[in-house]
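As structure tokens, here come the structures.
In what comes next, chain A is part of two complexes: it sits with chain B in the first one and with chain C in the second one.
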Partner chain A sequence: MIRIACIFACILSATALPAPGQDASLDVPKSVVAGTAFSIPAAGSGKATLYIAGPDGVLKRDVQLGQPIAIAASDLDDAGHYIAVLASDSSSQTAQFDVIAANQPASISFLARPSRLPVDLQNGITGAVYVFDSYGNLITSPVPVNFELSVASAPAQTRTVVTNLGAAWTGMNSATKEGNAKFMAQAGNVSATRVIEQVPGEPCGLKMSAQKVGDKLNLVTEPLRDCGGNAVSDGTIVTFTETWDGGQTTVDVPLKRDIAQAEVPAHMGARLSVATGVVMGNEIRWEGKE
Partner chain B sequence: MIRRILVLGTVLAASGAFAADQPSVQLEPTNLRGPRPLAKQTETAVVHDYLQAWQGMAAAMDQNRPDLLDQDFVGEAREKLAATIAEQTKLGVHVHYQDRTHDIKIVFYSPDGLSIQLVDLIEYDEQVLDHGKVVAVQPVHVRYVAVLTPTEVQWKVRILQSEPL
Partner chain C sequence: MGGRFLAFVLAAATVALIVIGTVWPIPSAAAYAGITGPNTSYSTSTPEGAVDDLAHTIGQQNWGRAYSMLNNKSEFTQQQFINDIRGSYPGLRTYATLDTYEAQPLRATDNQAEVRLRLRWSTVVGTFLDTRDVQVVRNGDGWSPVWPLVKEQRVPPQVIPVNYLRWDVIYRGPGDDWGAQDVEAPHIRIVDMRPVQRAAGVAVLGEVLNEDVVPAFVSVKASLLRKDGSTLATEEAFDQISHLLLPKQVTPFLIMFPNAELSDVDSIHMDPTSNLIAASADPVVEIQNQKLSPAPYSVFSGDLSNQSGQIVNIAHVLATFYDQSGQLVWVGDQYIDRALQPQIPVPFSIPVPEDLARKVSSERAVVATYSNAAFQ
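Here is the complex of A and B:
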């Protein structure tokens, strides 16, 4: 009986690799920081092959049992879950371990939106950040990220947000004055900056005057400003409308150097109005003089 | 409350090698950080594309074919997986991944709508083969963090990284 058992054992041990599922445990650290050297004790004698495998990397190395197996810092730098197998002719030892991202940020992915927006918009600017270590691993442990939105004419807005699973976001208000803003995100010693163009908002208090020139009326707006006093962008379309008995004239003109002007026929008793976008201006009834 | 995704059959069955063993999938209710609401269609599409990416990755790793990653991965995730496949090929190793269960929760939808982050408590079997011989088979239970970004027609995985439970 014992002899039969021995024969089976000998046959099994003679197969090239041991049957999976009958593995002994291999002594590997439960987790290793990416890019850190470590060693794996390898008891026994003779030769074996070490395999380390996972979606993020694979190693295969012939080793001498009885000596610790050195894993160099450069061997495993991608964060992930790995299985380790030490396979010899007579035994197989396995273990699972994690390579985790280093805590020191080395790069950030910073998405800021929009690149252009009107002034004075609450939470109109958003920024989202992902933080990575020097090996491109997402740092999933909490990391404080400083966001700063600065313009020349006002104090900077700042926020500190701690990452959750490597991600952080914030919302910022656009400034009341037009101009470029620098939107910066910083984690550790690394930062990224995006430029946000803040343009004037809708015109505030659109007002025109009329003056007779020959048999025409010259309609001119006052310089167009938004509610923060910023000049409305040239090219903004302003619509003048003249309505009189029996007819209507509409003229669309682009804003030029802050004002818009147009000529319409001078009809006695005509009603003149002006608008741009959703903003209505004043109305004039032409009775020969304004 | 846990909802079960039932409509996965078409996609998962399409990858022949795994058609017999489709993973069970649970989708946890979303508890999003960030101001952007997540539409139901977006949620469904993201989960669908993420699970499809697992099938694509498994096929690529099993056949040592980095081109199979192109459908579902971009950027850093694709580069890292392709590097692993290149190393596998050099060593004569290939690894067979069979996902068994996914427990997915979408955790972050960036305000610009350009990235979605999810966590997946996943169980899979990992089989390491050296020149066709099985070296080891191990059940794995781990948490994955994935970031997906929209492309023309689907969401693709840009970051795929496991972390200790």
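Here is the complex of A and C:
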């Protein structure tokens, strides 16, 4: 690594301070597509050494002057700025050129956030795409990217966004119905899909009833839904509270098959309440029948 | 002259007391100091001495000797005696060590006496007190304790069907692309927060809500900031919080800043964090008969009833106290030293500071549970 750095420094100094007898610059294309073969004409006679320094290291090759120098497709595949130096005993020639990414997308990195969100949220889902060529170079030229968010119960949302310096992003709305959505991004023939879990929102209209069973009260909620009618996820904690003169009983129970159920001691005149998270439900005063 | 004499008297009295305490230590003090050897026997010529001897032997976990000292050992087995002290199922008691004990004579006749034995046990989450009124009867020349065995209720063998939910998590793999999707951390929110100045320092109280549909492992950190924006102190709730929050569950938290002064604090930075974890909705614990006794000796008490079929090895009750306007007043907690068996109520009591108890209008309790079965 230090050696490469030294060589690179020497090349830079050679470029900055032309030696006596230095010839005109090398005839190298200003830009070359990554992974493309090309040749560099080399005038003169005798032997020389070609150095090509770029972001991924230095290529060194002994060449015969007077013959074109062939650079194979596999020699330069990392996009970036390169410096070429052709050094012989009597002179040195330099050139600078860029290796650019191919325009054809070969892979994309698709970041979809979040992976889980409540239903009916405007611009709640964001998708960002980075487009790469077959050598993993970021394609900085504009590339159209199609985004599609599809759910089973509603028409798909689509957007087409052109990349800016290799990246494109968009925002999407979550659907009004719960369920998994497929979020797909496509650039050229390449696509990637993510799954976005759309979950019910805050419970709406939490209501319970009470029934005496032996010396206990059986408290049962109605099936719990959010404001869009989606069933609230099983496992959601519902808190039942019974308050009477001189005491209180509370129990946190998980929702199971849309309802929560608990048994508490039956106290005449007790006030029964139900809540989940910060959402309060109805209250019942137990007078012996419900 | 008078001052010198007083200083001399005080110094002499101090030296005399040190000598007396060293040469004739009270048994419990000797035990704390480790002066007594493992085979030290206390005089059983007095009721108090007999109970001291028993307590010391229990502290050494010499169960065979402790059992043999009992006058009523024919009424129960040695294992039942051990279970009474250490619990039938693994719990805090099982791993506790005797920190201190105190034997206080209550009454005595020629042949019978009663001694109140306070055993203070030490655990990883603090100490708990086990108080027993021990009858002591004359046995020849000495005295012998009658152990007041509290037979632990046992659930009869049965099958209790449960079908509670469980959440499992598959995280992204190490070989996945950096853009590959991962599971989202649960969304949590601090719904209430309040700093309170106490004698021991500043306490930051609050409540955290898991507003997601998946279980969360939560922790809350707070930083006290000075007027110039610099950090005065940073602390975490540690165990004064229920770390596992199921969907839409709320836990109180309390963060203590020892020796801090609220007057030095300009603002507080709260840092709640959450991680998605595999969890089970089981067990459900009902908190029955919650009562707050009035000040000055205010205690929030109740019974925990395990509604599931799984033994809860360690239960931790966290209580939140509110004033009439619904504002947070205090957060208290208590660990239950015995395992919770299904359907068998276990009492708890959480003391409330007297000055705060007068402001309390309502309270709310949650239970954090730890079960060995959960780790199997």
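What we mean here is this: the second predicted complex is superposed on the first by the 265 of 290 C-alpha atoms of A that agree within 3 Å, B and C clash if a C-alpha of one lies under 4 Å from a C-alpha of the other, contacts with A are read in each partner's own complex, and residues count from 1 in each chain.
As a convention for this text, a residue touches a chain if its C-beta (ideal position, glycine included) is under 8 Å from a C-beta of that chain, and two chains touch if they have at least 3 such contacts.
What you are looking at is a predicted structure, and each value in this text was computed from that prediction instead of being measured.
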* Partner chain in contact with A:P200 - chain B first, chain C second, else both or neither -> second
* Check whether A:N146 is in contact with chain B, with chain C, with both or with neither, and answer first, second, both or neither. => neither
* Asked: Can A:K60 be said to touch chain B (first), chain C (second), both, or neither?
  -> first
* To do: Considering only the touch criterion stated at the top, classify A:D78 as touching first (chain B), second (chain C), both, or neither.
  => first
* Asked: Which partner does A:T250 contact after superposing on A: first (chain B), second (chain C), both, neither?
  -> second
* Taking the contacts chain A makes with chain B in one complex and with chain C in the other, which residues are shared? -> 111, 113, 130
* In the complex, chain A residues that touch chain C -> 108-116, 130, 192, 194-195, 199-200, 202-203, 233-238, 246-254, 256, 262, 264-265, 276-279
* **Interface residues, chain C side, partner chain A - complex** => 163-165, 167, 177-179, 181-184, 191, 209-215, 246-250, 281, 284-291, 302, 307, 363-367
* Structure fact -> As the complex stands, chain B meets chain A at residues 33-35, 57, 61, 76, 80-81, 83-84, 87-88, 91-93, 95, 97, 107-108, 110-112, 114-115, 117, 119, 126-128, 130, 133-138, 140, 142, 145, 147, 159-164
* Structure fact -> Per the touch rule, the chain A residues reaching chain B in their complex are 16-17, 20-21, 23, 30-31, 49, 51, 53-60, 78-81, 83, 85, 87, 92, 94, 96, 98, 100-101, 111, 113, 123, 126-128, 130, 136-138, 140, 164-167, 169, 171
